[in-house]
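Following this line, the structures themselves.
Here come two complexes built around subunit A, the first alongside subunit B, the second alongside subunit C.
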Partner chain A sequence: MGRLDTARLVRAIGRYGVLLALVVLILFGWLRYENFLGSYNVLSVLRYNSMFALVALGMCFVIITGGIDLSVGSTAALGSVVAALLSPYGVLPGLLGGLAAGFAVGAINAFVIIRLNILPFIATLATMLAASGCALLLANNQSVSVSYESGFTELGQGDFLGFPIPAWIGLVAYLAGSLVLNLTAFGRTVLAVGGNEDATRLMGLPTTRVKAAVYILSGALAGLAGVILAAQFGAGQPIEGVGWELFAIASVVVGGTLLTGGVGSVGSTLAGVLLLGLIFNILNFENGLGWISLSAYWQSVIRGALLLVVVAIQARLVARSDDVHA
Partner chain B sequence: MTLLLSMREIDKRFAGVPALASASLEVEPGEVHALIGQNGAGKSTMIKILTGYYAKDAGEILFDGTPVEFSSPQEAQRSGISTIYQEINLVPYRSVTENICLGRERRRFGLLDWSAMHAEAQALLSRFNIHIDVRRSLMTYPTAIQQMVAIARAIGFEAKLVIMDEPTSSLDEKEVEVLFDVIRQLKAAGVSVIFVSHKLDELYAVCDRVTVMRDGRTVRVARMSELSKLDLVTAMLGRELSRVLHDEGAHHAQAASREALLTVEHLAVGRRVRDVSFDIRPGEIVGLAGLLGSGRTETARVVFGADRAEAGRVAFGDIAEPAAEPAEAIRAGMGFCSEDRKFEGIIPDMSVRENLTLALMPQLARRGVVDEARSREIVDRFIQRLGIRCAGPEQPIRELSGGNQQKVLLARWLCMNPRLLILDEPTRGIDVGAKAEILSLVRELAGQGLGVLMISSELEEVVEAASRIFVLRDGRSVAELDGDEVSEEAVMAAMAHGHEPVQEGADG
Partner chain C sequence: MADTATTHPPAPARSTARPDLRMFLTRHGAWVALALLVLFNLAVTPNFATWQTLNVNLTQVCAIVIVAVGMTLVIATGGIDLSVGSLMAIAGALAPLIFMGKLFPLPHLYVGIALAFVVPVLVAGAFGWFNGFLITRLRIQPIIATLVLFIAGRGIAQVMTNGNLQVFKVPEFQYIGLGRLFGVPFQALLMLVIVLAAAWMLRRTVFGRQILAVGGNERAARLSGIPVVSVKRRVYLISGLLSGIAGLIVIARNSAADANLVGLGMELDAIAAVAVGGTLLTGGRATIIGTLVGALIIQLVRYTLLANGVPDAAALIAKAAIIVLAVWLQRQARS
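Moving on to the complex of A and B:
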């Protein structure tokens, strides 16, 4: 039994390590800063990071199938512009418009990757550029103010039951994502495709449909993140979203999802998003204390370093768990 | 005689779990030494410790009289130990020459001396009687040639010891003979060979001595000539298994129904399948025999809908056309165990339970949500029924031995109640015990009315299991052997001559 216990331990560390790190970070912040767990700080962290959370959720599904989606940042920017342009007509048109824009980019990705058989990295790199161009064209190269009369901004700035609406959206999306991945035939097929696509096809499972679905899902979620972006900052932002795809990939990887596909978890991805988000938050507090003065650029350095550490640890763990079954 | 290699009292633990316990292996200069054992007996670990892939926990290794501890396979190679793995570890996009010379390129005036390298590659390959264009990229050649290139590469490193890990698993019989010639040449040149194989006949054909491993220990060392097959198997399994080898001969009941379950007529696809026809009746095990490259696997894939047919008819149940997708064939009642367990069979990171029930999942799901309770129930039933040895249904499948993985894959199809099961090399890389279990299971299922199409490179196995055999040659079905006509000799004759077995030694 010792053999299995060790294997299980190694897996548990891989799976729950991010949660542990998150708890440590929260404890650190709570002990060190007065208002860290105050409702103002907690709610604004959640409000802001819900956009990244949505993008990372889509990325999580894509990466589990063994793919990648580099277009999510531009797609979010495009979604924010479309939503802002439609916001005078009401909340729903703005919301649906942003979602539709994301859906369209996702559908193009799916078509190019599956039908034209282009590598996801290249295909989504191309749509990343194209979507960004579309956003700039639609917005006339400037930010597009949203309508404040229609109530559209509530989607980003409002609260429901004392909790930010974007955070609700994120929460619902993650609950649904987790259920879909773990309990549905679709979710298990996503994991199977990433684990071994040939075998999955030979089992008669709908591999192409599932792959198409994850890119469309990723696009739609990026579009939704764009809607929240526009509503939160009162404007469609054609030049926002730069680097979001990397943030999303980092969150997914920090959460223990393997870039090779086949292994991954929705819950840990959320933990990854919060972990990376809190680092930025803590940096702000640290500046507030006045001991040191770090520019916001440091957050990228720290996030990058953290990503390296996590990936290095993961590689170790994977190698070790391979050892066990040699 | 001084030993070339002496590994003594080797211990190795993985995360506290013993994989080797005081194991030993001794190889004399210029001998061909068989290393055998069931999956998980410790053969691979032993080899990987020798070649520096793993570090040992205890014990000593003497190579050529001096204690060694290699820290990497490259270091071992520089000291004269070359390894040829079961899966070919070469660079498919580069030329044959580059693959042979990679890591020890010839230089002239600081630049690569291509003509010298091409000549060297050509010379090495000609020792195997292989004359190919060494400038072309490796992937343009069939697997068997690639295997020979791997061996040529190993020899090119001036090895004193060559380790071959199941080198024959992708070779046909003629190529195996060529390989054996090469091994004998190596031996004559004073090079020692460690030969790992599951095929007992091969061991007797080419090996001088044998080391048998079981549960991480060395349990028997003997000269091949002093050890009977039964002794060898008994040493491997650690139990009396005379049944395994002597359970043959019982002829199969004739298929109850005469009506064909599957009819394939004039099937053609690409260059590998030109004109293949055969049929299977319910409750019948039909063998598809042929040399490597004769189109066996390609035929099976087309029947199952994994590849598109270009011409011909496949009639199965409601399907009158060749299936366009595996899903279609599966709905009609087919199952297919691929020859490539690792890349087309298991999903390594998933559990035994998921691997077993994935194909059934569309039926297990209600409104998209998988019925986990039923899935567990099915898995428990099959684990018990097939005697799958695992720690439990949630154990990742990659931790299981090859034989048990194969049983899970069989169960994957059996739980769908298929009417036809296609088994492509169902016993490849599986130890003798599991092999016998799987074959007797297949027979039992056929007894219950399942039609089985069986493809195997081991003639003995097809002849033993199948009641009818269709022989393929260069993509055409050239013979059908039924009942008493089924024998290894008849199949070989058909493979070689392409028509009904030749009597009286006449040649057509």
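Moving on to the complex of A and C:
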């Protein structure tokens, strides 16, 4: 009884704590700044953060299985270069090219982790270097401008029904991700693998295939984020994406997903991304008011502090539920 | 990182059974690889066997090795330290602020230089201790606990300097990065001293054995009376201190401190050196000399490729392949 309640409490705070924090932050911004909830600000925040949201979605799945994917940042860079190189041929080749590049990196990750039996941490560290090397080679060490004639840039800069296209892509991906995680056999297996891999295998569930699938998914989503990056800034950028993996991990953790695997939620990850993204936005508004003048550099300090607060709370809750279990 | 099965016995028992080639390669693979690389370069790369080539390669590798020594100790306890690059940036940002007298007025330049050596290293050490505090007291996983300072640390360095490049020319301070002793770069000697001291400590002191015991089986270590918490805090403290020293070397070498760039990606270079060197990434078995060899291999592969006209980007791919190969060989040796 007590055990169930505490476990539920941990999960509830993990899941709704971040939503609460997000609502508080938005209320704060709305009351304090003019135009904070104006369409221009809201839409540009969504447009910019959609890339990070996609990367974090893949990371969320990987972390739920108990793994980690450090290669997403350079995979996104590789995706942006491939997409930019293919952009003269049209929207679709650019989009598919970026996706395929990410898919390939994900497949290599899956192979190294599962077949060669190497820790996800070190395997994806290696592919991070390799993907970055490929991106630099393909791009000839400079950014690759995209074609403006083919309409490729619409993927990053365009609107559909008054809503940025990258935000649509992110929204659809998160809806699909949430449905897959909660309502499909695949999603439940992802959770089961993270909870207890051996038990899952003994139950006859396809653990290997599921683990391979999450790394491929993470790679493909990072490739997609790269496509949006190229379209939004008009260039494929081989040196972008540095530190994205850690930003994504932070978003997932702030969203209440446990790094030990087995527990996690797609929706809270999105809230985590928006929370970390809004900090930058609010910092800009605050500087605009003129009371204080904090440079953009403060955002990483604040993000780090926020991450610290969240993991400290999480650690306390987990420790308490462990005590109850024992 | 979930499968931390660290209760495997030490290897000697089975190696006596069949001393075949594979066993030899997995055992001494790092040395063999280094020897092959040197031989290859002697044959192919022009001007390889010169004092200058040696110095170039040594100076490229010093900061990485110093950081990687701390990382080896951390990994030996079953942890990881992602914050090393950011701590380098903090130390690197702090030192010029001190000796240029921007923080507080200096009675004499030499006082400033002395403080610029001591204070940044201690500050980096304090941050390292903070990592250990998060990990032991709040029981946060090392990868997340050190992620906090990875993100915030560089921000702190950037805030301190407002993101500006600090250019300076202070030969007395820059001796740590540019000076030479008997024709050998001072930083290489410093690196050597640190490596030897750490290797001795890990093999011969109680603290060293405690580190390995904690990484091998934390529960058993605690039950046998080893002060696990204090051991862990000390390794993160050491990692912080060494990152601080590495930060000073890098800015002294460049005659400039750029908080945006100092130590960028260093955590990955250090982990790669540790992995290639043969330290078990799940903890419990570690070799400092191996880490030195690992760093030299990575550097020498890069040098070989660059010296023979291969672009730097391709060297990244080669580095990735080396890491995977090295860790895979380790796996083979154990299974």
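A few remarks follow.
Convention: the second predicted complex is superposed on the first by the 311 of 326 C-alpha atoms of A that agree within 3 Å, B and C clash if a C-alpha of one lies under 4 Å from a C-alpha of the other, contacts with A are read in each partner's own complex, and residues count from 1 in each chain.
We take it that a contact is a pair of C-beta atoms (placed from the backbone, for glycine too) under 8 Å apart; a residue touches a chain by one contact, two chains touch by 3 or more.
Here the structure is a predicted model, which means the values were calculated and not measured.
Set against each other, subunit B and subunit C differ in how many residues of subunit A they touch, and the higher count belongs to C.
When both complexes are overlaid on chain A, the residue A:L246 reaches subunit C alone and has no touch with subunit B. Contacts of A:L289 after superposition: neither subunit B nor subunit C is touched.
Of the two partner chains placed by the overlay, neither subunit B nor subunit C lies in contact with A:L27. In the superposition on chain A, A:A123 makes contact with subunit C only, while subunit B stays out of contact range.
Once chain A of one complex is fitted onto chain A of the other, the partner contacts of A:L92 are absent, as it touches neither subunit B nor subunit C. Touch criterion met: A:L136 reaches subunit C, while subunit B stays clear of it.
Shared contact residues on subunit A (touching subunit B in one structure, subunit C in the other): none found. Here subunit A touches subunit C in the complex through residues 66-68, 112, 116-123, 125-130, 132-137, 141, 197, 242, 246-247, 249-250, 253, 259-261, 295, 297-305, 307-308, 311-312, 315-316, 319, going by the rule given at the top.
Residues 14-17, 19, 44-45, 48, 54, 304, 306, 325-331, 336, 338, 343-350, 354, 358-359, 361-362, 364-365, 368-370, 372, 391, 395-396, 398-399, 412 of subunit B are the ones touching subunit A in the complex. Those residues of subunit A that touch subunit B in the complex are listed here as 2-4, 6-7, 10, 183-186, 188-189, 191-192, 195-196, 198-206, 262-263, 320, 323-326.
Interface residues of subunit C facing subunit A in the complex, by the touch rule stated above, are 1-3, 80, 82, 134, 138-141, 143-145, 147-156, 158-159, 162-163, 264-265, 268, 271-272, 275, 281-282, 311-317, 319-321, 323-324, 327-328, 331, 335.
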